[in-house]
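When the chains are written out, they are named A, B, C and D in that same order, and each has its own residue count from 1.
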Amino acid sequence: MPEIVRKSFWERLNDIDRRIIFLILLVTVTLPLLLDLGGEIPPTSPVIRAHAAVEGLRPGDHLMVSIDFDATSAPELMPMLRAVLRQAFAKDVKVIMLGHLAIGLPLGHMALEQIAAEYDVEYGVDYVDLGYRPGFQAVMIAMGRSIEDVFATDYQGTPVSELPIMQNVRSYDDVELLFGFEHGAVIDYWVRYTQARFGQKMAFGTTAVMAPDAYPYLQADQIEGLVGGLKGAAEYETLIGRPGLGTRGMPAQEWAHLLVIGFIVVGNIGHYFTRKKREGGR
Amino acid sequence: MTRSRWASLIIVAIVLIGVPALTGGSAVLLDEPGTTDNGAAAPGEPPAPPCGVAAGDVPDDGGGAILVEWTHPERDAGLVRAYEILRYVAGEEPAVIGEALPSETSYVDGDARDGVEYQYVVRAVTPLGSAESTPSAPVSSAPQWFARSRLNVLILAGLFSAAVLLYVRRARRGIDLYVRKIPGLDAVDDAVGRATEMGRPVLYVPGIETVSEVGTLASLTILGHVARRVAQHGTPLEVPCADPIVMTTAQEIVRQSYTEVGEIDRYDPHRVAYLTYDQFGYTAGVDGIMVRERPEAVFLLGYFAAESLILAETGHAIGAIQIAGTKETSQLPFFVAACDYTLIGEELFAASSYLGREPVMLGSLVAQDLAKLWIVYLIVFAFAAGTIGALVSPDGTSFLTRLFEALRAWFG
Amino acid sequence: MGSLGTIIGTWLAGFLTLAILSFLYKDNPFYKLAEHIYVGVSAGYWLIYIAFFDVKPMLWDTFVSETGVEKWIILIPGALGVIMLSRWFPRTAWLSRWPIAFTVGVGAGLGVTANVQGYVVPQIRATMLPITGLNLVSLNNIVLVVGVVTTILYFYFSKPHKGILGGAAKVGIVFIMISFGASFGYTLMARISLLIGRLYFLLSDLLHVID
Amino acid sequence: MKRTVPLIITFLTGFFLVVSFFVPHEPFGALEQRLLVWFAIVSGFTMLLGVDSLIRSHVRKVAGRRPGWWHSVALLIGLAVTVVTGAIGFSRFGSPFHMQSPFMFLYTHSIIPLQGTMFALLAFFIASASYRAFRARNTIATLLLVSAVIVMLGRIPIGAAISHFFPAAQEWIMDVPQLAAKRGIQIGAALGAVSMSLRIMLGIERSYLS
């Protein structure tokens, strides 16, 4: 007979409004970000080596930074980029940015300006953004002879001959280290052309998915170091002593994982009890 | 029932046995590879040159390419920066035409003129100077008429095509063919029917790829069927497209379906519309259509990437019946989790045959089954041959082992 | 762009981010606005992108730089493209079936060989595995062969799933479900790092709550 | 004419692509590349039809003052501004994709965050889908659930901290049963795709132009 059946706790839990799930997830991810709950992530050898390569630069040395990713991999690669830029500026190392992904370069530029503002550095003197030129293989090879041949101007169109930072930089010979941030095949060309041909020292940050592919380069000592995924970024931040998105992101990542598993468990408990009730009522 | 339980039990047993075994065995994988010590003292003189330089025409190409290979005993010393490849024709000076990594022992010269005889020299470049090999024998490049490495593809594709045509012909002659139920496809008409009853529209999402992706073509053929049903019932049909070619093709198909059932006046081309080529812009737009138009039936058929779950969850939230299908194995789990019916891989391609129930089309399904059966036989045969061969003579000399290896080699 | 541009840009980005996130609560005018802006801007973006990276280099630049036959051959797809535009005029709209037929033909032609070469041949080869003795690899090989074979048989259409075929299909569905569960779980991490990226933007770049 | 010519075009295009696959000799070897370039050019023109369709449908909404018409105004403005900035970028910097181009400013501050946020919605939907869908209703659903949880745990450091079972099991499930089912599905789907392509090439399946 029809009557108002009060829903049991488990039934209500079963049909919970999904917005409550959204909210719990939001809180779970936001809290570790806000409160900096992440302990330090102990660095592993590939990251230690990458850090040491930058650390080995002396004031006035030139670090070339290549932006070879776009928005889809920014959550993983931006924390590394920030960490490397901070380390470089703190050591008075001069930064030359360029990139082989036209649509990704604006991201790198934003990070460069942001981090530069934290330090007492000046555009054109301590750092420069050369921008993008099409045809990355040709660009890589040509820079071995003359950077100015390819990048006659910086991203704003200022001739590099007018930029103090570029006065002593003619080719790879004057670049002490290259740090590439990669989410695709460009890394293979950096190694194949610039490392093999010109003996350029280089280190890379890659997405977690790409890292295994880049590992052989590290094992063969073709590259100085390798930072992979958000975890690698967290390790790098530990090494420079400036916790950032990597360090904060890792606990957020873990918590969210555990939360989703928790959801599955709770959903199943609810399912178990309501099924008992359904079967009992029959 | 009991059989499925047995099957699951077997699988669980395999998992339980397999995993601990792996836990024990994978310790090596977890180790950090040590840094190799590279501090060997550099000898004070240039290394020995590369040797055994051999050049030959690149097979299976349209000409214009020569493959150069060499060996270099000194390579392990870690001294070599790069190899330079030099080329010349008789009577000319050798000139550098390219470079190879220290780890490489071959180079493809893609700039050869067919019929011209070239000789190659490989030069090892080290900080202590460079060393040149003796030149290779003269060779020339030539184009080929048939890519022999693709012979296996030709044979397999040829056999399969023949089977399809054969069974299509048989079907034409009126032989009755059985096809098992595909739940997702049986639900297509129900879903359209329910939308009609509720007076709500039908939303058809043909994926985010263009027509060069076969999954999109499959989706478009199913669209024809859905559009006919929709036209018969007079239910509104929305087809937002992410690709303009898909849009024009879909417009043709939908218009044709309306014409066939004599309802061309009801056809509104503005409902088969382009949104944007941007993956997530399209997703945002389709989500908007879902929450505002409240379709009762949602079809997500074709090529999908990460947006699959965004679309399927929004569709679930508005309470629509959802029928999804794709061949992208990475997206299938999300459709299975959020949709009422999911067409998995081949079922998507079977759909147009199945829905049409045209004997001609069903013939091609039978041919596909035949091909699957043969693939299964082949895999099982190879398994048996390889296993028995290995057990009979573990040193790999038995006839069966060689047969097994030959079979594998034939497949590439 | 000066710093004012960056500030405006950051606030625009912040507004759009929040507007899209608000969809999780329910559809609302802000989401609707962001959605429409997204569709409009990205449609324009891809129009420019295709014009600049497809049509300009492939059609225009080729036509300008090539000499001889190539110069004229490249006009064929150009003509097909123009014919496609005949859809604007109802009387000539039927002509657009020619370029449509061409594009569908490309899809079909690629579909025949690419699927055999890309999937069938390498996957069969990779599944030709033996037992070589009592070891882990052999065990994995058995599981793999059984899994592939039964999954293939799950898709057998022209016989009822009874008897051996029925049994195989049931084992197949077990493998399929394990596979789907695993893929689902595997993707979780990447999705969450995307959310972390967005929240970090809001908390750091926009609100400056964290650095 | 209206029906036969398209069928012939489809057949010939498909046929030449197949020939090009097996015959490297000129002029066939380069046909595949050539036809793909043609395809890209045709789709470039078709993009005009797409944008035209988008504009018309929203102009109709604005003209008819349909509910929410001002959203359509926003869409049209967004579209127009993007195309105009693209043109400015092209004329002033030689490329719309130049860093200084206003087109890139728009890209950076609207498309990137929009894309990123839509993508990030997935984190929420994956949570709600797991809550709802992973229920131990029967043996098969239980397997789905168990393998998902094992892989989820195996991918985070905590999983390894609880037991080495999780990372190892995660790896094994991904490498063996997961791969097996994926292969089975792909082989079947590939056969389906080939037979579908054949039917289209030979005109047996012709719903796209019938």
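The working rule: a residue touches a chain if its C-beta (ideal position, glycine included) is under 8 Å from a C-beta of that chain, and two chains touch if they have at least 3 such contacts.
What you see is a predicted model, and the numbers here were worked out from it, not measured in a lab.
Per-pair tallies of C-beta contacts place C-D first. Centroid distances built from C-alpha atoms place A farthest away from chain D.
Chain A and chain B have centres, each the mean of its CA atoms, that are 29 Å apart.
The mean-CA centres of chain B and chain D are about 14 angstrom from one another, to the nearest whole unit. In terms of their C-alpha centroids, the spacing between chain A and chain D amounts to 25 Å. Chain C and chain D have Cα centroids lying 3 Å from one another. In chain A, the residues that touch at least two other chains are 18, 22, 29, 74-75, 110, 253, 256-257, 260. Within chain C, the positions touching two or more other chains are listed as 20, 23-24, 32, 34-36, 38-43, 45-46, 50, 84, 87, 97, 100, 103-104, 106-108, 110-113, 115-117, 120, 124, 127, 140, 143, 145, 148-149, 152, 155, 174-176, 178-181, 183-184, 187-189, 192, 194-195, 197-198. With touch defined as above, residues shared between interfaces to two or more other chains in chain D number as follows: 21-22, 39, 42-43, 46-51, 54, 97, 100, 107-108, 111-112, 114-116, 118-119, 121-124, 126, 128, 130, 132, 134, 140, 143, 145, 148-149, 152, 155-156, 172-173, 176-177, 182, 185-189, 191, 193-194, 196-198, 200, 208-209. Across the complex, chain C meets chain B through its residues 20, 23, 26-27, 31-32, 34-36, 38-43, 45-46, 50, 84, 87, 96-97, 100, 103-104, 106-108, 110-113, 115-117, 120-122, 124-125, 127-133, 136, 139-143, 145, 148-149, 152-153, 155-161, 166-167, 170-171, 174-176, 178-181, 183-184, 187. Residues 32-33, 35-36, 38, 78, 81-82, 99, 101-103, 317 of chain B touch chain A in their complex.
Per the touch definition, chain D reaches chain B in the complex via residues 21-26, 29-30, 39, 42-43, 46-51, 53-54, 56-57, 60, 111, 114-115, 118-119, 121-122, 125-126, 128-130, 132-134, 139-140, 143, 164-165, 168-169, 171-173, 176-177, 182, 185-189, 191-200, 202, 204-205, 207-210.
On the side of chain D, the complex with chain A involves touching residues 93, 97-100, 104, 107-108, 112, 115-116, 119, 123-124, 126-128, 130-132, 134-137, 145, 148-149, 152-153, 155-158.
Of all residues in chain B, only 3-4, 7-8, 10-11, 14, 17-18, 21-22, 25, 150, 152-153, 156-157, 160-161, 177-180, 182, 210-214, 216-217, 245, 248-249, 252, 274-278, 280-282, 284-285, 287-288, 291-292, 329-330, 332-334, 336-337, 344-347, 350, 365-366, 368-369, 372-373, 375-376, 378-380, 382-383, 385-387, 389-391, 394, 404, 407-408, 411-412 touch chain C in the complex they form.
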